[in-house]
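In the two complexes below, chain A is the common chain; its partner is chain B in one and chain C in the other.
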Partner chain A sequence: MWRKRRFRQEAIAGYLFVAPNLIGFLVFQLIPIVAAVGLSFTAWDLINDPQWVGLANYRTLLKDPVFRLSLQKTFLFVIINVPLQSVLALIIAVLLNQNIRFQNLLRTLFIVPWVSMSVAVGLTWTWIFNSQFGIINQILQRLGMQRIPWLASQDWALPSVIAVNIWQYLGFHIIVFLTGLQLIPREVTEAAIVDGASAWTRFWRITIPLVSPILFYDLIVNMIGTFQIFDLPFAMTNGGPGNATRVYNLYLYQKGFQFLRMGEATAMAVILFLLIVATSVLFFRIIGRRINYDIT
Partner chain B sequence: MSRAAHSLMRVFLYALVFLILFVYLFPLIWQFSTSIKHLDEVFRGFNIFPAQPMWENYQVAWSSFKVGRYLLNTVIVACTVTLGQIICCSMAGYAFARLRFPGRDAIFYLYLATMMIPSTVTLIPSYIIVLELGLVDSISGLILPFIFGSALGTFLVRQYLMSIPGDLEDAAKIDGAGYFTIWTRVMLPMSKPALATTAVMTLVSQWNSLVWPLIVIQSDRWKVLSVGLADFRLYRNIQWNTMMAAVVTATLPMIIILFMAQRFFIQGIQFSGMNK
Partner chain C sequence: MKRTAWFVLAVLLMSLLFSAAAGAQKVQLRYMFWDQNQEEAYRASIEEFMRRNPDIEVVMELVEWNDYWTRLTTGMAARNLPDVFWGHAAYFSGFVARGALLDLKPYIERDNVDTSIYYQRLLDVWHYEGAQYGLPKDWDTIAIFYNKDLFDRAGVPYPTDDWTWNPQDGGDFVRIAQLLTLDDQGRNALDPDFDPDRIVQYGFGDIAGSNMQAGWLNFVWMNGGTGVIDKPYGNKFVLNEPEAVEALQFWSDLVNKYHVAPPPEATVAGGSAWDLFTAERFAMVPAGSWMLTAGRSIEAFSWDVVGLPWGPKGRVSAFNGLAHNIYANTPHKEEAWRLVKWLEGYESQKIVAEYGTVFPAVESLVDVFLNAYAGREPENVAVYIDLTENTGTWPMHVNWNEIFDVIGRELDLAFGGFIDIPSAIANIEAQVSHLLE
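Take a look at the complex of A and B:
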């Protein structure tokens, strides 16, 4: 009897402690997720009542050339950004892992861009990329080269924004890799040195296999994040010139909050989710099974 | 390898690391440098240190472009949400780690499952909920969706509490302490490292948050710094040095906090980079 009461009390306490968190989760996470699927089958401008339209939003999107363009830009963004960022971060992490002093200070300095507001970072780079007075073009000019209209050109705008994105989040990935590298047992590296393995051999035979699970994780997390890129293109080019940097979420935002097509915008969100799931599954299938999971 | 060759390698390594670091941080150095330059100097030359530092640029940014007002809103939102997250995640983390109640694990796994869902999916429905609650264009609309805690924070606290033995808790129980006392006296102090990490991650994401304030706020009064800065693209009469002064105002507070709480930032990255 006493135990039973005690058990009930504990359960009540448990629910009370979880309550604020759970309410927030239900109202702003679970219900929106379910509602998103429903909303994507409606036409709604926020003013009149939503109308059930079935799959019409999805059909409209598939025929929309700007939608297809934004999809293409986003894929390009992911394909260029993710591998370049991870490889660069891995190289720097390996350098920092060579018994370098001031390790903590260096790690912290490398994540300064990551804690900086994306809009602020975007504006800073808009200045650096400025066609007339930006420092990059001034240097190019001094070197006797032609100026490049970085953000104002159809060809250069997307690569420029991608470069800034790689720059901003590089430190984040360096930290992830450094953590992985520090998990490699010292004896393994030392044994290889005794056996006469060169730094190059050690990198390919020890470092890469042993950090491969973290590399794989990092690529997945990075990919999911990059599919949702918004802040930098919004701050730097707002999708332009033309549609050169109109990434998926930028177009979704415009559809929803400028053209007030809530149904279509939600359908875009659902499609993005499915694309992310599909790409992740594909990634797991192709690379995931070749990863060596026992770090010993 | 001979000793001389070895030290030469070390020198080369240090030189390389510091060169990479300088190039990497140059955009931020240039940003600050531009923010204290006279307009004449902005448009020519490569000097990092201006002949005469113009701190007045900050005054112009603050008074003519409402940077002060936006900053205040950002501070209010980021601090309130962070405080709420610490309390709610700590409470929930304690319950998930230490209390037994029906459905506990099911709820927790539901949390974990939804962590993978991109925030884009919940954006429009969340906006509609805030709209129905009548909180659009108010500071509460910025705070409410995030104040109840996050799955990541709850997860961090739970894992942390599960990794430490329950001696203190048992001692408190024998002394007749209730659940609330155990939470405030034992769990809250014990889970400090996990809470610090949660706090730091929340602070950064709220300080830098753009999409949500962009859609929820229309009036100038409640605009946060990220949205206010984004508006600068539309102004024709703003100069680069003034803009960079505003940009430094937006980034500097987080950089200072980063240097004060390095350890927790690193931990936050390690968790979000590996457990997502």
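Take a look at the complex of A and C:
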């Protein structure tokens, strides 16, 4: 009897502890998600009440060439951004983890862009990239080279935005990897040094296998985040020139708030949600199984 | 008996107190607007309104243009919107067709409001399917701001109001712009050694697909084109007329053939044409009269304004204006109407005109505005009034925002020299045809 009461008290305490988080999740995540699924079956212009239209929004989207284009741009963004950004962050984290000079200064320098406001970052880069008056092209011309239409041409714009994105969020991924590197037991590394393993061998035989769960985690988080990319294309190019950087969430935003087609916008959100779930499952199936979780 | 008397007195006192409390209960109206330059003038007008209408309290909410329309749409979704707000032709057609705005026609007729005091074309902007959703508050036309110092330095006389352009050889307009376009060796665009890849100063700026009102649409009209859509709320795309295509080609030529203006990206991504004009990178920019207030803060150089150059079919300027709209679901329709009636009325427009920020929509008050402007730069401000002689109006369509998004994107590619104008027009036509139905 006493035990049972004690158990119940602990349970109540436990629920109370998770309550703030749970309430936040319900109010700000679950309810909007469920509402979005419901709204995706309606025509809603934000002004009048939503009207039930069944699957009409989904059919409209499948016929919409810009929808397909924005999906394609987003996939391209993910495919280029995720591996480059995560691997670059891992390499920098390994270097920063050594005993080098100015370690703290360097760490700070990589973190600053991440904690800066991305609209401000984006606008600053548009000045730097400006084909006529930007600093990069002025330097290129001083060196006797041709101007590059960084944000002006349809071929260059997406890579330019991706480059800024990689740079801006590198700091976050570096922190993730630095944490992972701290988890590698010192004895393992020391034993390898005693056995005469070179730095290169240690990196491939010890660091990589032991940090692989973190690498996997980082790739998943990066993938999910990049699918939802919005801020930099919005601030830097507004999707242009033409449709060159019109990523999925930018088009979704326009549909909802500029074109007053909130039903279609929510349908886009539902499709993106399913795509992210499917890609994550695929990730777990293909890579997740090969990860060594036994760190010690 | 005595007790009863006390009771009666108490009841009387209490009812008095309650009625006093009820009298103090003012109706609160929320008023949303986007232009900080006009805040002072409208605050003065609204204070006068509240003095005359002690039962109404007006709360002014300033929301910058970039957030303004998102705030309005999300506000509509949440059923939580200002009662009275500034309307713009670009967004009016989408809102009105979806029933977001209150029809003022019954109120105008009931109160016998004299609408003949306004410019009639401005009144028509707020007209939809036999109803009237706004009375004009102000107006604007398009002229060209030029940097006098840069003209002096190049030894070029200032442009005069009879200058011309044409799509064949560009006319005076292009010639003047060429003389003011300089490469990093100081050679102008007419010099045989001029290097178009190293331009440091442009004669003209603000070539962008999105710059319709102050930009390409005026040149389409001046070349004899109809515009974008055949008529307000029409369903025929007319930007493919040969006259329109020719004018758009001329705009592309300014960048790609004459090299007197930078491609769209230079003024869209990072820094607007206005920033580059004030930084003395552009000698001339097309500017609506709403930019006059911003122009007053220019201290680095002296400047003036000249009318648009005359085209093959005369000189035509976009003519547009704002109005105060009332939210259709406001619980205070009557009070909101009283405020709007005051704001668009003669007295309020006079108060606002005295601040000299925007041209008043009441035709007879234009001189009040000009008097307020006397002695200030630009000297030639009255040219904006001359430009009302021959005007075109904003294309109206319920799907306008979507149509304009497509036009902006495709024209940017063409003005940037990546595709030609006929392909851009064909692309636009293919994408907007289902939106125009």
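Criterion: the second predicted complex is superposed on the first by the 263 of 296 C-alpha atoms of A that agree within 3 Å, B and C clash if a C-alpha of one lies under 4 Å from a C-alpha of the other, contacts with A are read in each partner's own complex, and residues count from 1 in each chain.
The rule we apply is simple: contacts are C-beta pairs under 8 Å (C-beta built on N, C-alpha and C of every residue); 3 or more make two chains touch, one makes a residue touch a chain.
For clarity, every value in this text was computed on a predicted model and none was experimentally measured.
Once the complexes are laid over each other on chain A, chain B and chain C cannot both fit and instead clash. Looking at the superposition, the partner that touches the larger set of chain A residues, chain B or chain C, turns out to be B.
In the superposition on chain A, A:Pro149 makes contact with chain C only, while chain B stays out of contact range.
Looking at the shared chain after the overlay, A:Leu62 reaches neither chain B nor chain C.
In the superposed model, A:Leu282 makes contact with neither chain B nor chain C.
Of the two partner chains, chain C is the only one touched by A:Gly242; chain B is not. In the superposed model, A:Leu274 makes contact with neither chain B nor chain C.
Contacts of A:Leu123 after superposition on the shared chain: both chain B and chain C are touched. Touch criterion met: A:Leu46 reaches chain B and chain C at once. By the touch criterion defined above, A:Ile135 reaches chain B but does not reach chain C.
Of the two partner chains placed around the shared chain by superposition, chain C is the only one that A:Phe259 touches, whereas chain B remains out of contact. Comparing 19-27, 271-279, 307-315 or 397-405 from chain C against chain B in the aligned model shows that the clashing stretch is 271-279.
In the superposition on chain A, chain A positions 46, 123, 125-128, 130, 133, 238, 257, 262 are in contact with chain B in one complex as well as with chain C in the other. Taken in their complex, chain C has these residues touching chain A: 69-70, 73-74, 76-77, 94-95, 98-100, 197-199, 262-266, 268-271, 276, 281, 399, 401-402, 405, 409-410, 412-413, 416, 418.
Residues 7, 10-15, 17-18, 20-25, 27-33, 35-36, 39, 46, 92, 95-96, 98, 100, 104, 106-113, 115-121, 123-128, 130, 133, 135, 138-139, 167, 170, 172-173, 175-176, 179, 214, 217-218, 221, 224, 227-228, 230-231, 234-235, 238, 249, 252-253, 256-257, 262, 265-266, 269-270, 272-273, 276 of chain A are the ones that touch chain B when the two sit in their complex. On the chain A side of its complex with chain C, the touching residues are 45-48, 123, 125-134, 141, 146-147, 149, 151-154, 236-243, 254, 257-260, 262. Note for the complex: chain B touches chain A at residues 13-14, 16-17, 20-21, 24-25, 27-28, 30-31, 34, 42-43, 46, 87-89, 91-92, 94-96, 99-102, 104, 107, 110-111, 114, 116-126, 128-129, 131, 144-149, 151, 154, 179, 183, 204, 207-208, 210-211, 214-215, 225-227, 229-230, 232-233, 240, 243-244, 247, 250-251, 254-255, 257-259, 262, 265-266, 269-270, 272-274, 276.
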